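What follows is chain A paired twice: with chain B in the first complex and chain C in the second.
Coming up: the complex of A and B.
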C-alpha cells in the first residue's frame, strides 16, 4: 500500500512523540551503570516505564523475558497505530528469519528448543508446519527460496553456517524488494546502510578468520551502497588499506575510528557501537518529519537500542564487568 | 594382643612362614608405594602446568564470551551456536600405570564438510557480534588440551586412591600384622621352652626319686 497523503500519519506520529519521552535517557542508563549491584540497577530501571514489568520479575536472571516481552509490545503498539502496518511489519521480518533458522536447526538436530522470538510477523505454528513438511508455499518469496535451497542442500553438506548465511541473504533481499515495492526511500536508505556496515564487519571478520575471498563472496550481502567487489578487493590487503580505501564514503569517520581500534585492541566493540550509532544518526535526521512513517521507524529502532543497552548493563552488572567496559559498548540514545 | 593359638611346634612353623610372607609383602608394597608416589608427582606436576595454562586461556575466552553475550540477545546467541559444525568422537582405552587402570583418550574430529566451510564458526555474520569469533576460536583451540587435562587429572585421582590404599596396607603390615606375628611367635617359642624346661625338671625330679629308692 502506497500512501500519497501523508497526513494520515498525524495520529501515529503524535502518539510516538509521546512515547519517545518515556525512552530511557543517558542519565538513567548512567545511573544503572553506576549502581553497585545488578539488583540496584534493576531498581533504577523500575523507576522508569519498565516499572510494571520489573515488578513482576520473579528473579533477576529472568530479565531476558522482560526484554523479549517489551520488544513484542513495542512492535504490537507501533503496528497498531501505524496507518501502513506493512512498513512496520518488514522491520519485524528479521525475527521471522531468526525463527526460521531456529526451526531448521531444530529439525536437523531432532530436538526442541525455546528460542523462538514472539515479535515476528509470521505465526510460529505455520512456520513450524512449513519447515516440518517442507512446504514453503506460504513464506515470502525470498525466504521460500532460501528454505528450499537449505532443505535441498543441508543434508548433503551439513554445514549449519549455510543456514544462517542463506537466511541472512534472503532477509536483506526481501527487505530491499519490499522497500522498492513500497517506494520508501527512507527505508531503502536504512537497509542499504545496514548492509554496508554488515559487509564491512564481515570483511574484517573473514580476514581475521583467515578465510579466502570465495568465502567472503558467499557471506557478503547484495544491494548495499558499496558493491561487494569493493570489499572483495580488500581481502588480501592489510586492514589499514580499508581505512584509506573507504575514506571517501559516508563511513569514513566510523571506519577510521572503529577499525583502528579493532587493529589496536583486537576488539570489535568500538566499530559495532559506532555502526549502530551511525544508523541512529541516520534515523534521527528524519525524526522531525511531521507526517510519515519515519518517526515510527526511528522509535522502533530507538527502542531496540534501549533494550540492547539494558541487556548490556544488566549482564555487565550481574557479571561485575568494569563500568568502562559497559560504557564503551553503550549505544547512543535516539533522543 | 597376641593371636590365640595352640603353642605347638606345628603352629610355630606355620606362623614363621606367615611372618616371612608378611615381611616380603611389606617390602614389595613399600616399593610399590614409592614408585606410585614418584609417578604421582610427575603427573601432578604436569597436571598443574596444564591446568594453569588452560585456566588462563579459558578465563580469557569466557570474558570475551561474556562481552559477546552482553551485546546479543540470548536467544539469538543460542541460535547461532545451536548446531555445532564439528563433532568429536572420543574413544577411551585403558592404560596401565603401576597396575592402576587410568583412561587413555583418543579423539577424532568428524568434520561436517570439507575446505574452508569446515570452519569452527557455525553461525552467520549478520546477527552475531564479532566479539563472539575470538572467544569461539580460543574455546575450540583449547578443547584438545582440555581432554588431555581430563586424562591426566583422572589418572592423578586414581593414583591418589591407589597410593592411599597401598599406604594403608603397608602400615597395616608394618604396625599391626608383623608385630603381632612376631609377638605370637615369641609367645609360642617361650611356651615351648617352658614346656621343655618343665619336662626337664620333671625328669630330674623323677631321677631323684628313683635314685632315693635304690
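Coming up: the complex of A and C.
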C-alpha cells in the first residue's frame, strides 16, 4: 500500500530518536565504574540527564527511588506518544506481576522481598487491597486465576517458589494472548525468546537442585520457541548434553558461555547478563524501522537496561566490589 | 463533451494528484520533525529543510497544469477549439507527473522522515540524509520532463 498505516508512528519515532541520544553511553558508565566511591559515581551520573533527579536525592541509599521514578516516567512518556498505547501497556504488565509477587510474599512469608515498582498498569493500593482481603475480582483474568490459586494452595504446601512460578506462567500466557490479539510478530518474537531464556534457567536450576522431571514440568512456561519436551528430556543428562543439544539454536553461544560460567562459579549472573544482551540484540535488529512500534519498544528496553546498569554500578560501589566484577555484569548498550 | 473539458481534466489531475502526494509526504516529515523538535528545539532548521523536499512534486504538477492551461488558451489568449482526440492527448500527457508525482512524494516523505532520525543522532550528516531523499526526486523530475515533452508535442 502507498500510505502505510505505520506512518502514524512518525511523531513518536522522531521523538524517540532524540531521546535515544540521551541514553547513558558506555563511556559515562565506565567513568561511574572507575569512580573512587559511590558518591563519586553518583556525581558522574549527575552530569547526565539524571541531573535533576540526583540533585533531589537526600541520601545516596535512596537511589532506588530515583531509578523507580525514572522508570515510571519513561513508561509514561512512551505511552503518551505512542499511537497504539496497547502495545506499550503490555510491557508494563511485568511490573504488575512483580508487585503482586512482592505483596504475596509479604503476606505469606512476612518478608519485604523487594520494592514495589510503580510502572505497572494497576494501582498499588488496589493490589494491596486485593491481596490483603483475598478479593481478586478486579484483576485481569490470568492474574486473578494465579492469585486465587496461590491463596488456596499456599497454606497447604508453603512453597514460596510457587508464587513466582504461578505468576510467571500467568504473565506469559497473558502476554502471548495479547500479542496474538494485536497480531504483533515483533512482540511475539520478543516474548517467545524471553520464555525460552526463563525455561533454560529453570532447567539449570532444577538440575542443580537435583529435582526430577515432574517438578520441571510444573515450572516450565508454555509457548516458547523451544518446546517444554526439549527441556524435560535434558533433565537427567549431563550439562554438556545441554550445550550440544541446543547448539543448533541461536541460543548456542549464550548457553556455552553462560552455563559453563554458572557451573564453574555457581552464579547465574553471567547467564542473566547474556540473556539480557540476547534480547537487546533481538530488539536492535528492528531499531531503524522508520515507522512502527519497534523503536519505541527498543527504547523502553534500552532504558530498563540503563537503569539496571546504574543499579549494578551503585550497588557495586556501595559494597566496594572491584571494578572488573561490576564491568563483567554490565549489560550491553542499545546504541 | 468536446476536447476542452478532457484537457482540463488532465490539468486538474496533474495539479491535484501531485499535490496530494506532496501534502502526504510533507505531512509525514512534519510529524517526525515535530517529535524530534519536542526534545531538541535546535534541530528546527535542519528538519525544515528535510520537510520541504517532498513538496516539489506539487510544484511540478502545478507547472504541468499551467502549461496545459497556456496551450489550450485558458491563460494568455483565446480559447482554442479542441477536438476530442486532442483533448485526450492533453489528458494523457498529464498522466506521468500526476501518478509519479503522487507516489514519489509519499515515498520521498518516508525517506525524509527517516533522515529526521538520522539528524537526531548525527546532525553533521544532514547532507547525506538529503541526498537519499533527493534520489527519489529523480523520478519525479523524469516524469515532469516526459509530461512537458508530450505537452509541447501536441499539435493544436
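Convention: the second predicted complex is superposed on the first by the 315 of 335 C-alpha atoms of A that agree within 3 Å, B and C clash if a C-alpha of one lies under 4 Å from a C-alpha of the other, contacts with A are read in each partner's own complex, and residues count from 1 in each chain.
Definition applied: a contact is a pair of C-beta atoms (placed from the backbone, for glycine too) under 8 Å apart; a residue touches a chain by one contact, two chains touch by 3 or more.
This structure is a prediction, so every number in the text was calculated from the model and none was measured.
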{"item": "Fit or clash - chain C, chain B, common chain A", "value": "fit"}
{"item": "Partner chain(s) touched by A:101 [first = chain B, second = chain C, both, neither]", "value": "first"}
{"item": "Which superposed partner A:163 touches (first chain B, second chain C, both, neither)", "value": "first"}
{"item": "Chain B versus chain C as contact partner of A:321, first or second or both or neither", "value": "first"}
{"item": "Broader residue contact with chain A after superposition on the shared chain, chain B or chain C", "value": "B"}
{"item": "Contacts of A:109 with chain B and chain C, given as first, second, both or neither", "value": "first"}
{"item": "Partner chain(s) touched by A:14 [first = chain B, second = chain C, both, neither]", "value": "second"}
{"item": "Partner chain in contact with A:208 - chain B first, chain C second, else both or neither", "value": "first"}
{"item": "Angle at the Cα centre of chain A, taken between the Cα centres of chain B and chain C once the superposition is applied, in steps of 10 degrees", "value": "160"}
{"item": "Nearest Cα pair across chain B and chain C, whole Å", "value": "29"}
{"item": "Chain C-contacting residues of chain A that also contact chain B", "value": "none"}
{"item": "Touch list for chain C against partner chain A, complex", "value": "24, 28-29, 31-36, 38-40, 43, 102-103, 106, 110, 113-114, 116-117, 120-121"}
{"item": "Partner chain B, residues of chain A touching it in the complex", "value": "64, 67-68, 94, 98, 101-102, 105-106, 108-109, 113, 115-117, 157-165, 167-168, 171-172, 198, 201-202, 204-205, 208-209, 211-212, 214-215, 219, 221, 262, 266-269, 271-272, 308, 311-312, 315-316, 319, 321, 325-326, 329"}
{"item": "Contacting residues of chain B [partner chain A, same complex]", "value": "66-67, 69-71, 73-76, 78-80, 82-85, 112-113, 116-119, 121-127, 129-131, 133-134, 137"}
{"item": "Chain C-touching residues of chain A, taken from the complex the two chains share", "value": "2-3, 7, 10-22, 81, 288, 290-291"}
